[in-house]
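One chain, chain A, links the two complexes that follow: it is found with chain B in the first and with chain C in the second.
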Partner chain A sequence: MALPPNTSQAEFNRALAEFESVVGADWVFSSDADVALYRDSYSPLWGEEEERIASAAVAPDSVEEVQEIVRIANRYKIPLYPISTGRNLTYGGAAPTLTGSVVLDLKRMNRIIEVDDKRNYALVEPGVSYFDLFKYIREHDLQVMLDVPDPGWGSPMGNSLDHGVGYTFGPYRDHFGSHIGLEIVSAEGELIRTGAGAIPGSDAWQDFHYGAGPSIDGLFAQSNFGIVTKMGVKLMPMPEAFKNVTVTVPRYQDLQSLIDEVNYLEDSYLIGMPFYNSPAGGGLFDPTPLGELMQNGWPNPEQLEAFVTAQNKPAWSVSFHLYGPQEIIQGTWTAIQRRFSDKIAGAAFEEEDLHNLPIPDDDIPALPDKAFLGIPNLEIFHIVNRNPMNDNDPPDGHADMFTMAPRTAEGVHTAARVLAEAYQEMGFPPATSPFSTPITFYARAFVVAVLIPTWRDSAKNAASRALYERCLDKIAEIGMGTYRTNPAFQELAVSKYSFNEGALLKYQEKLKDAIDPNGIISPGRYGIWPANMRNNRG
Partner chain B sequence: MNKLSILCLFLVSSIGVAEAQELSPAEASGKVVFDKWCEPCHGRVAGGVFGGLGTNALPGTSALMVKYKGDLPPVLEDRIDLQPIYISTVVRGGLYGMPISRKTEISDADLQNIIAYLNRPR
Partner chain C sequence: MINRRTTLKLGGAGALASLVNLPAHTLAATNTSSATPFHAIYDSVYSESVGFANTIQSSASSIMDIEGDLSKLWYGQLRNQLITSCTPLMGLTTRLDLFCLEELARDVGMKVSLRIDHLIDQLGKVEHQINGSPMINSSLVKLGHKSGFGSKLAELSGLFLNDLTADLSAQKLTGPNAPANKTALVTWMIS
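Moving on to the complex of A and B:
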């Protein structure tokens, strides 16, 4: 069993006994078998000395218990690693950043405190999952729509605090951006509420997020400055209907014009999440063999146009949902077609039937693309599960490499090219091509994504890690970074945000030292080390 | 309420009672836990994502279709060969893309009930 740093077995046993006095013996997990349940299932360090392993886990049921645990941890200087539902797969799961940390498992704190479908918000605890919240909304016939990430077993709070993302309207897809009001247990055990929640007796906690003075909410996302125990979530009123539509453009060079127009629509709040694809390039998950075209390096524009012409398919497409009253949807769709036709020669349009919302319960299981309607599900696991192409050697997990690119065609193409170079340099076939398309999880940025497999095999993981790190290095050379990553890569990822000799991280660590003098909350998370552990860096 | 409505209500109630009586309390509890934690990946009906990926089956079911190639049913609830030790090993240890489940999510009692449900007499 791992021990917390600078802690003897005897001291640790005393701390565990004190934890038990707070939560009960059933909710302190310290046997090897129980602690193993807090491993990162998708760890790129699985089974290696560097794998991040907890020393124990403690699972409180209330804010008061969290406060008591924090005070005990301060007395023993034992690091705590809070998790919500612990399903942050790809980004560390339930495992701590620092080996020997005690995982503070908040899954038992799973109360849905309030959902209001007139002021359109929810107030939840950390252990509530998207499945739980959706079920509650349905059972109470509340007319609001969630915005969900891919796996529905995650926590609205945890996902937001890791800058997670979803699939509906832009303001709601950015989950931290759509939180409203936090309750936080500080690193010293003090209870804090932000926004209007700081006013005793306020009924506007989930209506007004600033309060007066500096907003500190951002300090608690992807960080280690405190433990969030309640969070408000802005919810979209249930639209009357939705309609899925697609725009295609014929030429390779049309991508910039397509992006310009989609940006206009997205930033005007007229459309749901734009979903880009390349019919000529073979689609998102069925890439056309571009081998012949790519044999002599990255093709030039003329070669790419000729390739598109030979495929006899549109170069690019973008699909999106229109939400709202039927009259608005039809009017918006008419205007969208006019705008694209005016700007891009050969733009073509497809539309599906209009459907009323909410979707009836019986129709949900067979509904495609549930996440675009805020319906939690697990169907994204198709991307990494055993399939006919990997049947002989399916991966055990994945480490997602998300390159944040500017919303331009050049940004997408440059990121795709650099990632392809990284793959080739590390001996892997490229996973990106001139036909790679952006993902629009964030309304104001593009994501160019590659999924790198992880394994319960150290040799294979070493190759995957080297590839991941090469990708991070290469995208930084063109001024790009990533937004979220596994603890194994967090230091490298934040090191790329190095403007003015790393002034940002230096500032964050000054805050860390002031807020958490004993360094007990998630040391090392996203590269932020407390003063007493700063030599752990690297 | 007309006679037809009463008849329908009676039939629905009867079916509900009949189904409940088929499962022991442990098996019935196991089905509730299974439906929450396992069914979204290992159930029968899938919608698919991103323009057709996985429209034929949910991800866990689809993976087992590929793995067993018809030799065993891909839907776990149709299996009659799942040994308790195998179920607990996979739930607690994960397998390929399926992650580990902790005791704060699926308690030991829940796990025993899942095992009872998947091994129910048929």
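Moving on to the complex of A and C:
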């Protein structure tokens, strides 16, 4: 069994007994078999001495119990690692950042406190999953639509606080961006509410998130400054209908014009999430005919245009959902076709049937893309974990490497080229190409994604870690970074945000020292260490 | 390679189930005489899993079909039952479904206590790998290397139920994927 840092077995046993006095013996887990449930199934450090392992887990049922646990942890200076459902695989799952931490498992705090389909919000506890909230909305015939991540087994709170993302309209698919009001247990056990929730008797907690004075909500995402126990989620009113449409453009050089126009539509809130693709270059998981083209290095623009012509397919496409009343959808679609035709010669258009919402229960199983319509599911495992790119040697998991790029063709091409160079330098076949397309999880930025395999095999993991770290180094050299990563890479990832000699991290650590003087909450999360662990970084 | 997706395309859940006279939905078991009550879980997409279900239905408290969608079973039915009573689960499913179920079972504090992987190559040859209960290793000899092992494993359920001790060697043993060019099914116990 792992022990918390600088804690004897006897002290730890006393702390566990105190935890039991708060939550009951049934909800303190310290056997090896129980603690193993909290291992990160996708860990890039699996089975190695450095794998992040909890010492125990404790599962409170109420805010008051969370406060008591925090007070005990302060007395014993035992680090706590709060999780909601703990299933954010590729980002660490339920495993703590620091070995020996006690996982504060908030799964029992799973109450849906309120869903309002007139003001369009939900107020939930940490242990509520997307499946739970979806079921509640259906059972109560509420006219709101969720924005869900893939897979949907996580919690709206946990996903939001990890800067998770979904698939519908821009303001909703940035999940932290669509939160509205927090309740927090501070590192010293004090209960705080943000926004209008700080006004006693307010009925506007989920309507007004700023309050007066500095907003502190952002301090509790991807951080270790407090334990969030309630969160408001802004919900999209159930649209009357949706329609999936696709625009294709013929030439390689058309990507920038395509992006410009999609940015216009996205920033005008006229379209749901755009999905870029390259019919000529092959889809994200498709085997591509690029081998010969890439034999002599990154091709020049003329070679790329010739390649597209030879494929006899459009160079690029973008699909998106249109949501709303049928009349609005049709009008928007007409305007979209006009705008693209005016800007890009040879632009072509495809449309699918219009569907009324909500989708009847009986029709859901056959839907191909449930997440696009806010329906939680686990189908992503079939898509991501087994695809032609890894069919020869399927990994045990993956560590997603998301490069945040500017919303330009140049940004996408540069990120793709640099990532391909990193792969080649480390002896891996490139996972990106001149036809790599951006993902638009965030409406205001592009993501260029590669999924780096993780294994139960330490030698293979070592190679994957080296690749991941090389990717982080290389993209930083061109002024790019990542937005979310496994704890094994968080320290390196945040070190790239180093403007003015790391002023940002220094400021975050000053806050940490003031807010959490004993350093008990998630030490080391996203590179923020408490003062007592800072010299050796944990 | 025949994988789940291919199988679904070839005919869906109902086809295989109907071949063995099992409806493709949850069944109430006809006999609950086992000393230790347990729920049996199968996936009607796979014939070995259906064979397992056919044989085990006389001893299981209930039989539940994943029907290719574990989330529907877990969030719609199973989790609520297990919160009330942590009745052991025994199943023969894909490796992917066990992977997801193992993560989900943490909600109710249950963990894998037995795991027998069945790796089926393209010629239909089956390799069995046991983790979590060495005492039953000898029983695997009876399984052979051909199809039909699902019903044989169901016959051994009483043996598996004798030892529900959590075993670290069986927990989180693999990721969700099957090895290259193989179908990966797993017989497991979660308790």
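The rule we apply is simple: the second predicted complex is superposed on the first by the 524 of 538 C-alpha atoms of A that agree within 3 Å, B and C clash if a C-alpha of one lies under 4 Å from a C-alpha of the other, contacts with A are read in each partner's own complex, and residues count from 1 in each chain.
We adopt the following convention: a residue touches a chain if its C-beta (ideal position, glycine included) is under 8 Å from a C-beta of that chain, and two chains touch if they have at least 3 such contacts.
Because the structure is a prediction, the values reported are computed rather than measured.
Look at chain A after the overlay: chain B and chain C clash there. If you count the residues of chain A touched by chain B and by chain C, you find the higher number for B. In the superposed pair of complexes, A:W316 makes contact with neither chain B nor chain C. Once the two complexes are overlaid on the shared chain, A:P365 sits against chain B and chain C alike. Contacts of A:D32 after superposition: chain C is touched, whereas chain B is not reached. Contacts of A:N277 after superposition on the shared chain: chain B is touched, whereas chain C is not.
When the two structures are aligned on the shared chain, A:I380 is found in touch with chain B, with no touch to chain C. Of the two partner chains placed around the shared chain by superposition, chain B and chain C are both touched by A:A94. Contacts of A:G152 after superposition on the shared chain: both chain B and chain C are touched.
Look at A:D393: by the touch rule set out above, it reaches chain C but stays clear of chain B. Overlap of the chain B and chain C contact sets on chain A: residues 29, 33-34, 36-39, 41-42, 85-87, 89, 93-94, 107, 131, 152-153, 365, 377-378, 381-382, 385-386, 391, 394-397. Against chain B, the residues of chain A that register as touching in their complex are 27, 29, 33-34, 36-39, 41-42, 57, 59, 85-87, 89, 93-94, 105, 107-108, 127, 131, 152-153, 275, 277, 283-285, 319, 364-371, 377-388, 391, 394-397.
Within the complex formed with chain A, the residues of chain C that make contact are 3-5, 69-71, 75-76, 96, 99-100, 102-104, 106-107, 109, 111, 166-168, 171-180. Contact residues of chain B toward chain A in the complex are 36-37, 40-41, 43, 45-55, 58-60, 62-63, 66-67, 92, 94, 96-105.
Contact residues on chain A toward chain C in their complex (touch as defined above): 29, 31-34, 36-39, 41-42, 85-87, 89, 93-94, 107, 129, 131-132, 135, 152-153, 365, 376-378, 381-382, 385-386, 390-397, 454-456.
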